[in-house]
Structure formats: C-alpha cells, structure tokens
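Please read the structure below before turning to the comments.
Chain naming follows the written order as A, B, C and D, and within any one chain the residues start at number 1.
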Amino acid sequence: MTKKNLSERLAAGPVIGDGSMALTLEKRGYCTAGPWTPEAVVMYPEAVRQLLREYVRAGADVIQTPCFYSSDKKLKRGKVTYTAAEINDAACKIAKEVASEGDDVLICGGISPVESFVDGKGRDVVRKEFENQIEVFIKHDVDFLLAEYFGYIEELEICMDVVKKAGKMAACSMRIGPRGDLSGVSVEDCAVRMAKTGALMIGTNCQFDTNAQLKTLRRIKDALAKENLSPYLMCQPPGYLCPEVECTLTGQRHLPEAPILLETRILTRFEAHQFARSAYELGVRYIGGCCSTEPHHIRAFAQELAPEKKKSPPAEDMCPAFGALLVDSDIPVIRKRNTKEYWYSVKPGSGRPYNSPLVNVQAD
Amino acid sequence: MTKKNLSERLAAGPVIGDGSMALTLEKRGYCTAGPWTPEAVVMYPEAVRQLLREYVRAGADVIQTPCFYSSDKKLKRGKVTYTAAEINDAACKIAKEVASEGDDVLICGGISPVESFVDGKGRDVVRKEFENQIEVFIKHDVDFLLAEYFGYIEELEICMDVVKKAGKMAACSMRIGPRGDLSGVSVEDCAVRMAKTGALMIGTNCQFDTNAQLKTLRRIKDALAKENLSPYLMCQPPGYLCPEVECTLTGQRHLPEAPILLETRILTRFEAHQFARSAYELGVRYIGGCCSTEPHHIRAFAQELAPEKKKSPPAEDMCPAFGALLVDSDIPVIRKRNTKEYWYSVKPGSGRPYNSPLVNVQAD
Amino acid sequence: MTKKNLSERLAAGPVIGDGSMALTLEKRGYCTAGPWTPEAVVMYPEAVRQLLREYVRAGADVIQTPCFYSSDKKLKRGKVTYTAAEINDAACKIAKEVASEGDDVLICGGISPVESFVDGKGRDVVRKEFENQIEVFIKHDVDFLLAEYFGYIEELEICMDVVKKAGKMAACSMRIGPRGDLSGVSVEDCAVRMAKTGALMIGTNCQFDTNAQLKTLRRIKDALAKENLSPYLMCQPPGYLCPEVECTLTGQRHLPEAPILLETRILTRFEAHQFARSAYELGVRYIGGCCSTEPHHIRAFAQELAPEKKKSPPAEDMCPAFGALLVDSDIPVIRKRNTKEYWYSVKPGSGRPYNSPLVNVQAD
Amino acid sequence: MTKKNLSERLAAGPVIGDGSMALTLEKRGYCTAGPWTPEAVVMYPEAVRQLLREYVRAGADVIQTPCFYSSDKKLKRGKVTYTAAEINDAACKIAKEVASEGDDVLICGGISPVESFVDGKGRDVVRKEFENQIEVFIKHDVDFLLAEYFGYIEELEICMDVVKKAGKMAACSMRIGPRGDLSGVSVEDCAVRMAKTGALMIGTNCQFDTNAQLKTLRRIKDALAKENLSPYLMCQPPGYLCPEVECTLTGQRHLPEAPILLETRILTRFEAHQFARSAYELGVRYIGGCCSTEPHHIRAFAQELAPEKKKSPPAEDMCPAFGALLVDSDIPVIRKRNTKEYWYSVKPGSGRPYNSPLVNVQAD
C-alpha cells in the first residue's frame, strides 16, 4: 500500500503529530537538561525507540526524526563526543524503524534555528548551516521537512528558501506569542510572511501554552484570510499551562520553574482533549506537541479527533478515551468515573495550598 | 561477584526501590485504567522492560516483578485472556532480564491483597490465594518477598504466615493513613502487629501522600520503640500530593480526580529530594515509589541519598541532580538555575488560577 | 419593663454578643495598631458610640464596655495620657448610653489578662490588678462580667476567684486552640477547670478561626459531659480565616499578615451565617465576635438564629438576610441573587492569583 | 481663611477624595443592597455623619454629598417614602456640617446617570433629570460638581452640557474598562470627548479594579496627549480586586460574588498605598474611592501622598502609616512589623484553600 503524503492527509482530515522528545527523555534519564542534545539516539537507542513507538501507539500519524539541537555547535556545548552527522544518521534510522512498525506513519525531518543567525554571521553562513541540517533528511528520504521553533521570521525565510531547493514538501512554525516574533514583527505579519514562503502548512509551536496558541492562531487565521492566503494551519503546544508569560517575547523561560520544575503545570489529558477540539474548530489541521507533551496527551488529541480521522489510535485497545474501562474497577465510586461528562466536570487541584497558581515573571 | 542481600544492604545504608508500573504504563499506552492488570508483560514486553530499565538507570537497587493485580479473578475483571500463571511467569522473566543488565539489582516478588478476604471466604481460601501468588516467585527464585498495599492488618498477618513458610526474606507494608487500617486498627497497633509477623522491614505504601506518610511513619517508629521492636522501616509513597484525603480511611480514591486526572498534583523532583531526606532522617531505610512515581522521582531519591549510599545512579551521566548542567544552556537566565539553592527557592505554580488548590472530599 | 438577665436569656435561647472594637476602630481611624488601647472613648466618643450602636442595630443582645487593654501599664505602653480610671469610666458611660437606646440590651464588663501574671509578680499582685479592673464595673453596675482572652487557665482561675467576690453573674473564655493553653494544659482540662470556677458560661474567643473554634468547642463539650458539668457554652471568634495557625499555641500572631494585613482573610457574611448555625447546633448559646468581626457579621449571627431567638435584629428593616432586597436592583442578573441557595452556592475568589491561599507559619 | 478651590488644589498637588458610602453603610446596617438608595441621611443621620467624618479624618480633601441614586424613580424602586428633594437636602446638610468640622474640606455634588437615557426617553427628558439633580447643589452652594459613574459617553455629554450652565467648577468620570463605554466607544474616544466637555478633571470610577483603572488611565493619558488636551486626571476605584472582569463591558457585576460577597477581594491598605503611588506617577491628581473603599483605604492614599501634599491626614495621630506604632506591641514578633519594607514583603493569603483565586465570568 502506498502511504498518502502529508498534503493528501491534510486535505482528508486532521493529522496528529508526535510529542516531546528532549524533556520527556530527560525525565526518563536519557537527555541532559541544559544542552538538551539528542546523543541518546546513539547511546541509548532502545529508550528513544520506545518513546517514538509510544507516540505511534498514541495515534501519531507523523514522527519527527529525534535530532533536534543536533548541530556540531550545540553538541560541543553539551560536550558530546559524537558528531552531528553520526547522531542525525542514527536518529533517522530509529525514526524509520519505528515508522515501519506502524502501518501508515510519515517521517518528518525537523530543522531548527541556528546560532549563526542571532550571532549575525551573515546570510551565507546561515544558509550553509541549514543546508547541513537538511542533508541527512535528503539522504534518508524523509516524507517532509518542518522548520520549527523559529523566533525570527527573517531567519525562517532564509531557512525556507534553502528548504525549497531540497524539493521536499515543507512546513514551518514559529514560537511566537501575542507580541509577535523576537524582533517585534507582529503575529499578523509573521503569518503572512510564513505563508508567502510557500510552505504547505504554517503555525505555532512551544513557548506559549495551549490557550495562548489558540489566541495567536485565531489572529494568524484572520491575517491570512485578509491576504487570501490559505496554507494549512498547524500547532504544537507545550504540555503545560503558563498564562503568565503571555506578556513576554520569549515565553516559558520566564517562569522561574523552567525548565525542570514545570511538572505542576502539566496539561491534563482532558485539557488536551479540549485543546484538540478547539484547535480543530478554529481550522487547525495538524496537531502535535512540543516540550513535555507525553504519549497520553497525543493519545487525547487522536481520540478527540477520531471521528474526523475515522480511526482510533492503536492504544485504544487498552486505553479508551475518558476512562471508559473504569467501569471495570473494583472500587464502586471509581466505576462511575467513566464518561466525558464526569471528567469535564472535575476541576483538578494542585494539592499545594501554600503555593500561588501564578508566579511573577519579568517581561523582556 | 555475589550480590548483597536485602538484609545486608539495609544494614549498610539506604536502599532505593523502583517506581510506579500501572499508572505510568497507562500514560504510555500499555495498561488499562480500571482493572490495572499487567497483561502488557505478555503483549508489549518491550514497553515494560524499558520502564523497569529506566528505574534501574534512575538508581533503583530493587525492581519488583511487574505482576501486581495479576490474579485470575482480577484478570477476568479486565477481560484478559492470558492466565495469571502466564503473566506472572512473563513478569518474572522481564524482571530478571532487566536486573541482569544492572550490576547489582535485587528482584522483589510483590504479593497483593486478595478479594477473598474482604468477601469473607475464610482463612483457608485466603491462604490458598497467597500460596498461589508466591509459587511463581519461588520458581524464579526472587531475592525477597514484599506483601504490600494491604488495607487490613488481619489479612496481612495471614499473608505473612504463608510467606514465612516460603523461607524467603520478607517485608510488608500497608496503605494506611492517620486513621489506621480499614477496620479501624490504629497506626500504632498495625505497626506492632506488622513487626510481630517477623518481617525484616515494615512500612507504608500509597493512598496517602509523602507528607502524610512521614507523619504515619513517625507514629510507627514511636510505637515500635515502645515495644522494643526494630524492623527496618520502608516507605513507597504515591507521586502526587493530596493532603485532603488525610481525613479518610481509604485515601486517594476520594479525590474526584482519581485515577486519571491526578497529573496536576504530581510531586516535583525537588519535593522528591526533600521527601527522601526527611524519610531517611526519620529512620526509613527503604524508599521506593507507588502510583505515579516516575523515573525522575526515583532518580531524585537516589541522588539525594547518594552520599549515604556512596554511589550515584547510572543516569547521573546525563542527569546530574539539581540541573547542574543547566550551566551549559544557551539561555543566560537559565544557566544560573543549576543549584539546589535555586530550585529549593522556587515555589511552582499550577498555571490554573480558576482552580482551587484543594478539593472537597467526602470522608468514609 | 425589667430586662431579663443573662442567665434567663441563655435558658430561653441563643444570645448574640457584639463584635470587634479595637481592630475595627483602627480601620476607622480611632485606635492605634500596636498598643490597641481604647483612649478613643475619651478622645473620640462619637466614633465609639456609633460603632456600639451599629452592633445593637445588628442584633447584639449584649455590648461590652469598650475598655479592653485599659490598664495603666498598657496605657503607658501606648503613651496615652489619660488614666485607666478615666478611660474605663468613659467606656462604661458610652456603653450605658448606647444600651439605653436599644430596648433590651445588657452590658458586659470585660476583664482582660494582666501582664503581672506572665511577669511572675505573684498571686497577690495579680489579684489586685483584677480587683482594679472590676471596680469600675461595680460602680457602673454592669449586668455581668466576662473574663476573656485568657491564655493561661491558672491566671483565669485567679481572676474568677476575684470575680466571684464581686457578686456579679460571671462568664469566662480562653483564646485556646487544639494544643490547649499557653502552658500546655489540654483543651479538655481547661474546659473542666473553667467550669469549676463556677462561671455561668465558658468558652473560647479569638486567636483561632471559626472552624478551629468549632473543633475546640466540640472537645470542650465532650470533656464537660464526662465530668457532668453543664455551664453554658460561648464563642467569640475573630472575623477572618487562618487554618494555618492551628499548629501553634498562640494563634493568629503567627500569620505574617497580623495584625494589619488580614483583610483578605475576612469572614464572609455567609460563612458567618454557617458558623452561627454550626455553633448553635453544637450547643453554643452565646455567640459574639472578637478581632475584626464587624456589624455585618454580628447581623449574620442574629439573622441566622432569628427563628430560635424569635426576633430579628433592628437592621432587618434595611438589610434583610441573604440580600433579599436585591430583587429591587435595576440590574437583571443581580435581581436573582436574593436567596440563601444562591449565596451558599458561590465560592468567593480572592482576586489574587499571584498569592497563595495559605502562608507558612512557624510553630511556637 | 478662604479655602482654596478645586482648581487651585489640583495645581498645587494631589487631592484626596472620599470613599464608599452605599456599600459601607450597608455593612454597618444603614443601606439596602439592591436599591442602594441613601434614605439613611434622613433616617439615621448620625451614622452617615460618622462615616463622612471618618473620611475627613482619613485625609479626604473632598467629601461628596451622600445622595447617590437619590432620584424619585430610584427611591420608588426601593420603596422609600421620602422624596428625593428631602433626601438630597438632608445629604447636603450633613456634608456641610462634617466639612465645617474639618479645617479645609471641599464639598462635591455628585451627579449620577439617569434611567431615562437608557430607556430612550429623549434628550429633553434626560436634561430635565440632570437639572433636577443639580438644583439642590446650587441651593447649597457646593464647591464643585462631579458627573460620575457614567456608562455612556453620550449621556455624559448631555449631563455636562447641563452642568456647564450651572456655572460651577465641574469634573466627570466614567465606569469604563478596556473595552470602552457601554455602547462600544473606545477608551481613547471617551477620553477625548470627556475632555472636550470642558471638565476641569476627567477620569474613571468603579466597576473595574485598581490595576485595570491604571491601564485605562494610561490609555486616557496617551489619547489626551495626542489631541493636546490637558484636563486633570482623576480616579475612584472600587475597594476590591477583580481581574476577571476586564473582558466584560460592565465590570464587577459579572462576578457571582457581586454585590454582597466581595469581602474576600478587599484591597489591602498596602495595595492602596501602591495604587496611590502608581496613579500619582501616572499623572493622576485626584484619587478617591468608589464601592467598598473604606476609611483605611482613603487614609492609605493620603499617607502615601503626604510628601506631595505636604500634610498628613488627621488620623495620623493614632494611625501612622505602615503600622509604625506596632513597635509598642507587647508581642515581640509583632514589634518588628512596623516598616514599609516589612509590609510590602508579605503576600497575604485568603485562608481558603478550597476556593479558586479567580472565578469564571461570562462576558457581555
């Protein structure tokens, strides 16, 4: 059977992306907070393979090659002795292996921003870095490319220009909040410029939470409509709530809890359901997760949109949505907690009456 | 090299147990909320193996055979077609395989309460059920037995009587809070009766949070001292905070969020550090985790007690304590967040100003 | 018409006391935070008279002479140039004047603890101080005496011995929490010893909040029942919530907010209703208020117990319970907020998502 | 001595207004929640006089005639048998009497919106109603007029046109939030139109909290600057925090707690200090209070701006700022709580861990 490509899938209905790699592997013991580089693909391939497998099982239609932040410069920062080439090659192999276990999974090659841009090394150096990143994806013939986590629309435009030359289907997304990109370009202008790169799909990822992303996506949608542009919309939010950072340019790092004390803000699976529904209703067609979204979040996205996708995630066998099998509990009071209505009626506590729900952040 | 047994280890210093199986596998897609039975050991052995491996990597000195709730009766409730014998055998094999990858890991056979006791089937039926549970552990020659999660001291006494006959080193723990066991036997009386079973190690696990368990353990310690009893103390708390349920007999199930909306109450890794230190100072010598404690919690226990254990967990290579390698971040503000002092100074938020920290629970 | 005395009233049904003087006058500009002495009775008599009048209008059956902390020693601390004799005389006159405006108001002479007791000056000095305090009440022929706010049962016993000689009806109350009096005498022992002074009415006031006082009163009631003692029970809680301080001996002062940043913890009028009902059901027959209870709290007590008292407070003309006249609002949505059911269903917010509900206190 | 008029005072430095009448009198037992009409000026003049006196003592340079909502239509709604004329006359007399007790207090005649405007009765009817309101102020020769609490800029313009004819100094303010007036006129347009009425002073009052008002005032200031308009700015916030309602047009009434369960949101005196400072720094020259601001809030405004005003409020004798006389407490731990630094460092709790800080409101 030939797999449908990304474009065909987006035309047919919602597409589910995968979730967090670095932050989740860090909790599991296979990634270092700070450099966040993916040398685990060489050192502990089983652990990475298992996590990707869990995303497929959770319903991801796409898995990304786990090589975010794998540039020689970043690896040096993390004192990693493997080369970026070695790591990226291993990452692609793992992704292909896991994808082959599923019956219909696409592989996405992720391209990340480069330090040479902010360092002002000039367009040629920047282009060269992007070309290096793309090389391995061409070699392994990934299904599409995603330029993601960009803070500057200008850098993203350079990147997309390089991507275009690679002849692959391409998408792009930015980590922007209400104040626009890091140099102050408005959300609306970023939207139009992203669309004008010719990307099949544009949108947002990380640094601002699900609620903030929905607000930003609504503005993106309106801006595109004004200009008669119609790329597909995508969204990959982080897996925790941080309304405080909406007043900042750079988002989550302003939380004093970032990056290893964010557990208490974790998105619940039911908030994940509601987010997927809201995003879909807004017109978003690709929904995955960034920092800290775990398999059960991706599963919630896939289960929420199962009617539209006309298929349920593989994990449905053991983990149907809304705790449907709690009816088999041996505890009477738990048995009734098996419906969407029940779970949507509960407002979960933090268990921490001595903490404040929000913390003060300093705007940048 | 001959491995030291549990008794020798407890005499030498703190021993770290492993963490949650059922709740964590559920998030990963391999366990069903409701029956919570471990058929994944047969159906998805790689997933179970990987999780156990993560606990070893996190610093667990002991892993439990992943066969909690694997009785024919419970399996039937979950409509599982494998027999308890098949599952338990597979569970033991996985545990042995993972233990053999570590250089010094003990295997614990866990024995859980039986429905026939609460159903009033009589002492002989109850004994028979415990004998069945133990059989597989004898066959696989586990390092010690742990009767855990018992709600009734009387049932635990029957169990320990059976255990004793097995000739294995044995420990036991109860899921009790301030009000004592489910039939109203006080914490103090439970403590004395647990000790009098001859268990090498006694204590508490689950249903009440870390703070509640410390309070209970202090009372256990005092009660034992009065009677000149001196078993080792153990503790396996759940991985979330729920102070509200201290007024109940049965604990966490009283939370409307139980069992699949508890994410927002998750213990932070720094709270895990502090718990391990407090428990150790109180005299607890075996510290593991129950429901929802994940690898990074176990790692925090092992890292906190590394000086006393004179060894660090394997994951120390990538994940040193207190984010020590955040110093390698490319974000200046994050670089300084690399000390115990910093992390202990941050009170994490919930990100949810429209939720209350605590929820009303109805006492039983 | 002859007024019924306190004993007759308690036999007939619940009796409502008045509310806060010092803390409320401080907000109004007539008392100094720190010394809290009542020189306003001489300097600004109109302001004091008005507040007492508001309590009568709110439904207080009793008003206390506003001379708390008026000893020469305390006045000296506050650098007040009036003598205690002048102040106490003025206080009694104001109380009598206001009482005469109502048709059926009793006057209570309040006796407070003396520094000479904690300073260890010996029983004779202590007795002498109490005799001085009582003198003015005898002169003005108050309706009964109340020894209140005592931290040491021993000091209270000395006081009550002096009071007895005065030949007045007498009551007494202590500012105690779960840990008992300041020298560690248990709640139960305090209860029995208070009753054995021969007081008509005993109970608690201030330093621990309404919920804590209900718990303490339940223990007092049980302790009295065991000894076949049956004084009437009284309670005068402060007007704010502070569950944190239950672990301390001395109560509210442990809050970092004490004494002039307690506004955010203020009891709502509906919590006041519920407290009055709970206290009455527990058997409490005299309910007034201490620190920060304002006229609308006292009104809530009186309105809640109006059926039992068979009379409504004078303020009922303008301020019926549960916002009954909101039905006359010109705002449609407000009009429906005129029932007990509505108000009991609302959980009020703090408006402060950056603050924690509870604060850390250091136990003494 | 001739009193300086409002214009001279504003030119010289900050001017302090008075605080809440209706909501505060309701707590004291002299006003009815729902109609909120001021018949107390006839029925209980002592109570009203005392509250105004407290505002003067707290440092108010201006007191308003206590006749808000005193129109025959409103009085009828409240089933009040006195006429508006009787009430307004009594209100003016009380205000003059209290003002004469202070040495330098101005009297402000407050004009409120009329139902005939929203009812669409036409400009002539509306004008007539305003003329009726003003009449009594002319008769009693108040120092200036304030059209306040207007929701529609158009209605305010009609009112100011009438006011202008009265030949009195005049100010006006609107109860607007971020979304502008009730018909959707933006904050900026309202600002310019208010200024163009020729009012000496313009600004905001009530319905949105201190933080929201500061945001609105900043926009007002910027809008005026653009048009080279320079009336003085004024602000009269309510005395509680309600960030939730910023998304609504009509403000506080959206809180389920409105109007008689707002106690828990009460502004602290230290928040009042900070608000006064921020408002002054923003350029606001007249600061008073609306709903629920009590004497201690007004005192905080006056004390915070004492350096700029070169005078302290009369209550300074007993109630210096920041609890300076707590140093005279007999409790050691309290003695040190006598500085601005201390009080600014404390984040007060709500004492209610089972409540959420914010509540859901439905936008209009």
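Structure notes:
The criterion applied here is as follows: a contact is a pair of C-beta atoms (placed from the backbone, for glycine too) under 8 Å apart; a residue touches a chain by one contact, two chains touch by 3 or more.
Chain identities (UniProt): A, B, C, D = Hcy-binding domain-containing protein.
What you see is a predicted model, and the numbers here were worked out from it, not measured in a lab.
When the partners of subunit B are compared with those of subunit C, the chains appearing in both lists are A, D. Chain centre most remote from that of subunit C: A (centre = mean of CA atoms). Measuring from the averaged C-alpha position of subunit A to that of subunit D gives a distance of 50 Å. If you average the Cα atoms of subunit A and of subunit C, the two centres end up 59 Å apart.
Centre-to-centre separation between subunit A and subunit B, using Cα means, comes to 33 Å. Annotation for subunit B: residues touching 2 or more other chains are 347, 353-359. Taken in their complex, subunit B has these residues touching subunit C: 347, 353, 356-357. By the touch criterion stated above, subunit A contacts subunit C in their complex at residues 353-360. Residues of subunit D touching subunit C in their complex: 26-35, 40, 46-47, 50, 53-54, 57-58, 74, 77-79, 115, 209, 240-244, 253, 255-270, 294-296, 299, 314-315, 318-319, 323, 325-331, 333-335, 337-338, 343, 346-359.
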